[in-house]
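Since the structure comes first, as structure tokens, the remarks are kept for the end.
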């Protein structure tokens, strides 16, 4: 059940699909064996099994968080073909909304989902309708600059309203628990689970609802969709709203273990782009896999090359994967 | 764009074949470009006589933006390769110069050549991989972005390049053209920068007129058709990358010599890539003069906005003293310009003129 | 009696989908080969394999007896094999004249020569009135002609035409057909053309290949192929009912 | 301002003519740049302050600008610069946006508009840039916060730094830790060191290591991280827990140091103390709110305003009354920087920038910061009396605990970070 928006409607033709599956298996085998070798090297460098296990568990969990943050990004790219540079800013906005909700109403942080997610949805629809729909046919750089401008504006509105002092949201009962001998903060596990749930929800919405079918139709062929009577502009707005809601959910779930500043979302931007490309742009389960690859690469690189920024390893992996699989690990070659 | 099935009368008026060819707009426009370039450089050279020192700082930034925009425009505007990582070439130019001057004791001019060489090699290398492996659209764009980021992280982890600190060019007393150093506020910085910009513009004009340039534009419009007509698309795109990387590296050298300082974030951060794109897009991509117009508008914009908010006009005093408001205003203006004039300011003017 | 262009056993599969299954074609100096077949029969894919758009999965392409299989398109163009595209691919930011000039320049003509040659080709293909029009805003029929004009400016020895008549009204077809015939008769140009319009196939073809489902179904002279009962059933009947 | 706005509109409209025609007037009005005036009766003296009022360091930057303004107000209330006829100070505050090039152009503008001295900038990269502007324009530049050693290694003669450099803090941090341990009678043979991998963290670590090795203290494991990218520290803290380290030393910024505290809380390594060296979090009131267990017991050896000094206390109270938040040490340094400049102006009796620079070199100002003595600049411009003090979080308060002369209360050592 692939929820790749790139090739969603052509789900028939078993002859065409079977080789793709084996292709996927090949990718999976290569990925796993590379990971195994890297893990072995990391184990030698770490010199302690506890440290290695901790690195692996942390890698998986942070990977989940990266994919959580990247989910809206990949959805919006898949349908609108816009690289949304405002994704991080939207996540930061959601963090502040969480803070405000918790601060004023004194509720549990996760109940803020009920407020933040719909609010972000409305904002997303407004942004798409007012700013991006007019430039949907413009070249990629136009849309990119609009989202960059949007990111600047959102971050600085947050600075203006909340001031520069960092905020925080405390999660009641946020203790460390032990998994396979590794220690993990509960809030990070919740966020990881949240990522899985978000993948499931988005997949369901796209596969099983009428609006999801329209979205996939628009993603695959906007002209064709228009011909069969779909209002593409409103589908664009719905999609951006969904993307903003995903960013909103990410913001709420990440808020308890993050220092909330206007730039708190932007620090995820880099990794989120890598995650999205690795998973195949527009491929929602792919984002989950991409997140895990990035999370593990970061952790293991930290053990193997302690003098370099772990992100360097992430970008090198990214470039290599990009050249070998130009449409992402699970994307199809054209 | 006209969609009628009859050609415009103006083109058929002459009737004869030769008549049409002598009025070929392309070559005339290009010859006009040389004239415009000469006039532009001559007029712009007078700027230091009329601007104050702090305004000259902005004028110098206009030059840096313009060179970067011209460089980006070659690759993205004429070559059709949307780069979001021009910080890579800017940064290589800047670091090569700074390293040359501070560590190797070279003249900045040699550092500039070094920067151009490395920048071209890196650009051609990474673009060869990207084009060879047929990265397209957003994937191509993200690969350029990742390349610049990887360079930034590499420098941060490299002791020989001073990690996060970067380089500071030693201050000398007196002026020296060889050392590309003058007293603070000297108009020579501006004149040298203008000279460099002039050369980059000349390179841009020559490129567009040249065979490789025209083949590149053909490949941008349709690479399959270009290949079918015997054009080696890969080679020509790489040539465009080389020209683009070289020009952008020049901006890096100029930056270092003017600001006398560079660090990994300045050199390879996303802001540098953004500046190149914003300049060209606001002015008009795929036009010779678009980046100049874009630089003249966008480079001073943040100063203007900040200045406006520092001492607002009567009635707007309540706007003062809010950190962040200046950037919000800048962002709003950027978004508005881009949405309302997607072809850019100069690009829109040109297409209006063509239509009428 | 050597073939100028000879493709043998050309197969092509896309991720398991077999688009071509061992297609053989050959065309001799100064002759015109017609390729017919229903949409999706693999005609354009065959062109793409021959002209180097992408390499065939298996099979050999020979040009003047030399193996050129898998060589990139631009090299083959310089060896004298040039094609047009069914879906027009103009350099849309350039004028018609500039489009053709690019082709002339690519062939090696310099500056003024290239422009003069381009002008001649533009006139010859009936695009004279449109010369300074932006090619992206041309009507489709004119873009078809532009495809042909650009290819001719390369002065090809082997010209592959992909539905160069499609979309033209009958009155517009005649001059194109005259031109093609003239090119063969006066310049000895060798051609392979994909065409649905049977009158054109009859008039021009020295030889016809009928394709179906990625394979050659029938081959021979135009009359032989077009009266072949298999062909009539597989293609012409359907074509007739479509029309 | 109006000048540049007018230029811009003309520039924008005139296109390639680049503002040639419309700006003739601005050249005339641009004559503000001569700081050479040596008249004894100047009504106003401009000082330029450069801080990140926006961007990720705006929290410090805005406080620093506010404190600098308070210093200027204090000087003016006390009669201005008496040797210059009671001339009033005027603070021109500029936003660097945390960017070096903005810092440079703003510095140029401030000098242009007549600033006789500059202070700032919080970020080392920006300070390095402003230092070069100051040098070339021969205008004194007093750095409040900017720890990077390299800034003053350029042979500059117009740049000064009040704050201890990163290497000073590393050395003094190690000295303090060693004597604190000795004083407490506890046994600490080995420490783990975790630092941000930039030059700031590296300088603090390297000087700490040199001092520790001399005293026979083992530093292992040593772990560096990328402060911009790190999102989780559990692996690093697990490495610490797997070692024999008795204490953890951390040099980092706020966000990453908080991540360390969160990881320490759940991994529960067997440590006698977490000890920050020049740490951006462990002496911050925000940290007490954000950290698990309120960060109780955490140490930080860092520059800090002198809580035991009555004048400092008065400033802190006034600041909090005026701005509603507790003053940061960075802001007190900005206050000190203005005072150093004002005091130099007073002695110079001139607004000639070189004369002011000469006066700054001979300053003997007693700072509101913890220090080993009055501000004393060496030939590179570094304040040799800049000092760190060891602070500890005790019951939600950040208190000075070591050395004794600056201690508000007794330290608690060992202070295991997890109960």
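Just so it is clear, A, B, C and D label the chains in written order, and each chain counts residues from 1 on its own.
Everything below uses one rule, namely that a residue touches a chain if its C-beta (ideal position, glycine included) is under 8 Å from a C-beta of that chain, and two chains touch if they have at least 3 such contacts.
Worth saying up front: this structure is predicted, and the values here are computed from it rather than measured.
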Which other chains touch chain A while also touching chain D?
B
Chain whose Cα mean lies nearest the overall Cα mean
B
Which chains are joined by the largest number of contacting C-beta pairs?
B-D
Rounded to the nearest Å, the gap between Cα centres of chain A and chain B is 32
Between chain A and chain C, tell me the centre distance in angstrom, where each centre is the average of that chain's C-alpha atoms.
47
Could you work out how far the Cα centre of chain B sits from that of chain C, in whole Å?
42
Could you please state the distance in Å, as a whole number, between where the Cα atoms of chain B are centred and where those of chain D are centred?
36
What are the residues of chain C that contact at least two other chains?
none
On chain B, where are the residues touching two or more other chains?
153, 156-157, 323-324, 327
Of all the residues in chain D, which ones touch at least 2 other chains?
54, 58, 61-62, 197, 226
Sites on chain B touched by chain A in the complex:
76, 82, 84, 129-130, 133-139, 141-143, 145-147, 149-150, 153-154, 156-157, 274, 277-278, 281, 285, 322-325, 327-328, 330-332, 334-335, 338-339, 342
The residues of chain B that touch chain C in their complex are 1-3, 5, 7-8, 10-12, 17-18, 20-21, 24-26, 211, 214-215, 217-218, 221-222, 224-233, 286
Touching residues (chain side chain D, partner chain B) in the complex
1-5, 7-8, 11-12, 15-20, 23-24, 26-27, 29-30, 33, 53-54, 58, 61-62, 95, 97, 99-102, 104-105, 108-109, 112-113, 124-125, 128-129, 132-133, 135-137, 148, 150, 154-156, 197-200, 202, 226
Give the list of chain B residues in touch with chain D in this complex.
36, 39-40, 43-44, 46-47, 49-55, 57-59, 61-62, 153, 156-157, 162-166, 168-171, 183-185, 259-261, 263, 265-266, 271, 289, 292-293, 296-297, 300-304, 306-308, 310-311, 323-324, 326-327, 346
Partner chain D, residues of chain A touching it in the complex:
46, 48, 50-51, 54-55, 58, 61-62, 65, 156, 159, 163-166, 168, 175-176, 182-185, 188, 257, 259, 261-263, 267-268, 270-271, 298-299, 302-303, 306-307, 309-311
